[in-house]
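Next up, some structures in structure tokens.
What follows is subunit A paired twice: with subunit B in the first complex and subunit C in the second.
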Partner chain A sequence: MNVVIISAVWCPSCLIMLGRYHELQNKYPNIQFIEYDYDNDKQAVAEHKVWKTLPVFIIYKNNEEVARFIGEKSIKEISLKIESFIDD
Partner chain B sequence: MIYLDYSATTKPNRAVLEYFNLVSIKYFANANSIYSIGRNSKKAIKRASEQLLNTLGFDNHEIIYTSCATEANNLAIKGAVEALKGSKNRIITNLFEHSSVVAPINILQKKGIKVSIVHHDENGRVDLEHLKSLMGADVALVSIGSVDSEIGIRQPLSEIAKIVHEGGSILHCDATQSIGKEVLGLREADLVTFSAHKFYGIKGIGALVKRKDVALTAQLHGGTSTTIYRAGTPNTPLILSLKKAVTIIYKNHAKKYAKVKLLNMYLRGLLDQLPYIVINSPKDALPHILNFSVMGISSHKLINLLSKKEIFLSNHSACSSNSEKSLAVLALTNDEKRAQSSIRVSISHLTTKYELDVLIKELKKIGKAI
Partner chain C sequence: MISKWQKLLLAMTSVFLLSSSGGDFSVQEANRVSEPPHQVNIHFFYSEYCTHCSEEKVFLDEISQDEKYHNVSIIKYLTDSHLSEGGVNPDYTRNNELIEEVADVFDITAGTPMTVIGGKAFLGFNAIIKYSIPKYIEKYSENEHVDVMNKIINEETIAPGDIDTSVLDIIELPLIGIVDPKTVSLGLVAVVLGLVDGFNPCAMWVLLFLISLLLPNADRKRIFILGGAFILTSALFYFALMMAWVNTAVFIAGNLAFRIIVGAFALAAGGYNLYQFIKNIRQKDVGCEVTDEKQRVKLMDRVRKIVNQNKLILALLGVIALALIVNFIEVACSAGLPLAFANILAINGLAGWSSLGYVLLYILFFIIDDLVVFTIVMLTLKIKVVSNKIARYNHLIGGIIMIAIGILMIFFPSILQFNF
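Here is the complex of A and B:
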């Protein structure tokens, strides 16, 4: 499983979510977290079909998108979703 | 043309432009050159800086000139945190800051600095009790703007400064939207930033006013300029023109402010009569900014329709135009539709009632078509 995060430096919601992402990275060391910048990584933004509401947090399992969070979400909400896709 | 976007920028005052031309010739010499004409430039900058600080009510601060408020905000935030050399690693801010404040904080967060967001009340004002609870020995900096650029929310700076100082930290205040309009409580902040083009000055100059005992690490390196905090040849004509713009805008200021307040009340009264409009700016917001949502139409579409009628206004800060909605309106109202259909009218003492009447006439036409 891996997680893609797309954020922008000018975005206040990203300011909130970036700290939560870092907590999630520490909580799930076996999951690969990949960060992209909305303004600098145009190709990644297009590939992941990100529109103008940020940040975007996408969970991939076996190279398939299984969940997408847009905007501010709690660590609990994201954790529950991640854990639902972790194999026993 | 009806220009209602004075918070984005202003047309330079002709007297400022003429003064700029005059002093560009008179003080062309490099202020860091040691011969007499260089020393004359240096003296002119010193006099201008003293007058600026005096007009703005600062008595224990020094001024660092930059190219714009964005550079000043970057210098204030990154410079103050870096100067602490890792001894403190947290920044407190709120959700109404300009992108030039949000971005450097985000960059620092990527480098390991923690960020806390202070809560706000229903009018967008900082929740002082929550701010108190967030303070701690690890807080390097608190960054709260005096007035937000999209809604005009005024922050209780004196109370904020008291809490920040009792908590052993320093307060940065982005005053870009308040200098030239009002200066309440600014002297209590440790780092204050602004730019000239918001009050009829020339684009290309901003400033960071720093309390003298606050440590700051330069972000632009080279030879000493007017201070050790920002390298580069001192831009004597722009510095002098900044002083001129400040002097002019604060002349008869009470009268100018009263006129803007009356215009704001007049526009509010007219907007209140239109059922498809919801006003987002609180009643105690800075009168120069009136943000409202025209429900049922996107702000982009509305701005384009008004633009065809030569009425120019914005949906949100021009510096965050990548976003299709006002993030500040969303933070205040928690209503996506209001955020997507919000527009900002920013007025000045140069605005007339007639211009507001024309705006209302066009909004009525648009309202019928929704």
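Here is the complex of A and C:
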């Protein structure tokens, strides 16, 4: 399972979510977490189809997108989603 | 009755005071002066044995020594039979007759301390009187007035209009002391509008970007100078904008057409804020909207160039220019809140120095979120921010306030003058 976050350094919601993202990284050491910058990683931004709102948090399982969170979300909400795919 | 001696003394005092201010003098004109600041006489009846008299004496001595009150004279009337240094008080009878007459004229009880300024008399001395005396000095300095005490001494008839029946809009609160509701209201409006304006995250992203580029080097001095310069320049830009507006608007604030235009602008800005709120609330995701990519990239390139400057002075000048550009572009983002507040000050007749405190209060609360973020960065070298959820409700609060200001400005301007 992969988790991708696309954020920007100038975006307050991204800064809030990055903190939560790092907590999740510690909570799930077996999951690969990949971090992209909206301004510096243009190709990744295009590949992951990021539109108008940041940050974007995407869960991939077997290279397929299974969940996408846009904007500020709680750790609990994301954890529940991640765990639902771990249990599969 | 008043002796010839007392009349002579008062006449001589008046001659001296009026001649020193360049005015012509005649006995009949002693109680009226023409050129502002007008001469203000404080007639103070006191006893050496009363505590409040001693307190007021100290207070009046401070006034007499204050250069600001150069047009104020304090005339003292001792009501005791004996002088504190020993001996009989030669003015005992006269001063007690005089205090009885004053009490009669102002319909108050004869007692000490008693203070007569122009057409106003105060019995006793407390926090409210201490606050009121300078206010009446200010009032009588600016306006031609009748010195009722002089009329009493000259045995002239006191007309009903000579008595000042005005009451200051002040209240005394426990622990806080004397409070002027108008000052408090304007101060509160400054705080609320400044906060609402400040949490509008338009210019914040540039500061965050600037700090994020400075953080990897962890050079606190450089972060402090450049980040501080950005915030200070933003504050100065707003200060200049608001002061310019308030000093212009004060001359035309009374004009109905102007009020309608500004009111309509406030209604439109309020409507736009409410539209933004409704639009955002429909979107379930709270995040940062990517808008105006071209301009953002341009500004980001400029910030990178500034941060990469080796010479601190060049980087500093770059940051100052950047802050001016950003705030100039983003002033529309404030949706007219600073201008609406400046207009409220103008319709209250506040301009120049008298509006300074309120404008500074507004700006302090306008930059408070930036200051909090910046202080945390300085202390921890980490960026902590406030959720964009706040910005969402900011549109709602800002919208409601602007619509309320618009309606009040057009239909009920007196409410915005806080004349309770």
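Keep this in mind: the second predicted complex is superposed on the first by the 86 of 88 C-alpha atoms of A that agree within 3 Å, B and C clash if a C-alpha of one lies under 4 Å from a C-alpha of the other, contacts with A are read in each partner's own complex, and residues count from 1 in each chain.
FYI, contacts are C-beta pairs under 8 Å (C-beta built on N, C-alpha and C of every residue); 3 or more make two chains touch, one makes a residue touch a chain.
All values reported here derive from a predicted model rather than from experimental measurement.
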item	value
Which superposed partner A:44 touches (first subunit B, second subunit C, both, neither)	neither
First, second, both or neither for A:52, with subunit B first and subunit C second	both
Touching partner for A:31 - first (subunit B), second (subunit C), both, neither	neither
Which of subunit B and subunit C A:70 touches, first, second, both or neither	second
First, second, both or neither for A:1, with subunit B first and subunit C second	neither
Shared subunit A contacts, counted only where both subunit B and subunit C touch the same residue	8-16, 38-39, 52-54
Residue ranges of subunit A in contact with subunit B within the complex	7-16, 18-19, 38-39, 52-54
Parts of subunit A lying in touch with subunit C, wherever the complex brings them together	8-16, 38-39, 51-55, 70-72
Footprint of subunit A on subunit C - complex, ascending	201, 204-206, 208-209, 212-213, 283, 285-291, 297, 300, 383-389
Residue ranges of subunit B touching subunit A (in the complex, touch as defined)	93, 95, 97, 99, 102-103, 105-107, 109-110, 114-115, 117, 319-320, 322-325, 327, 331
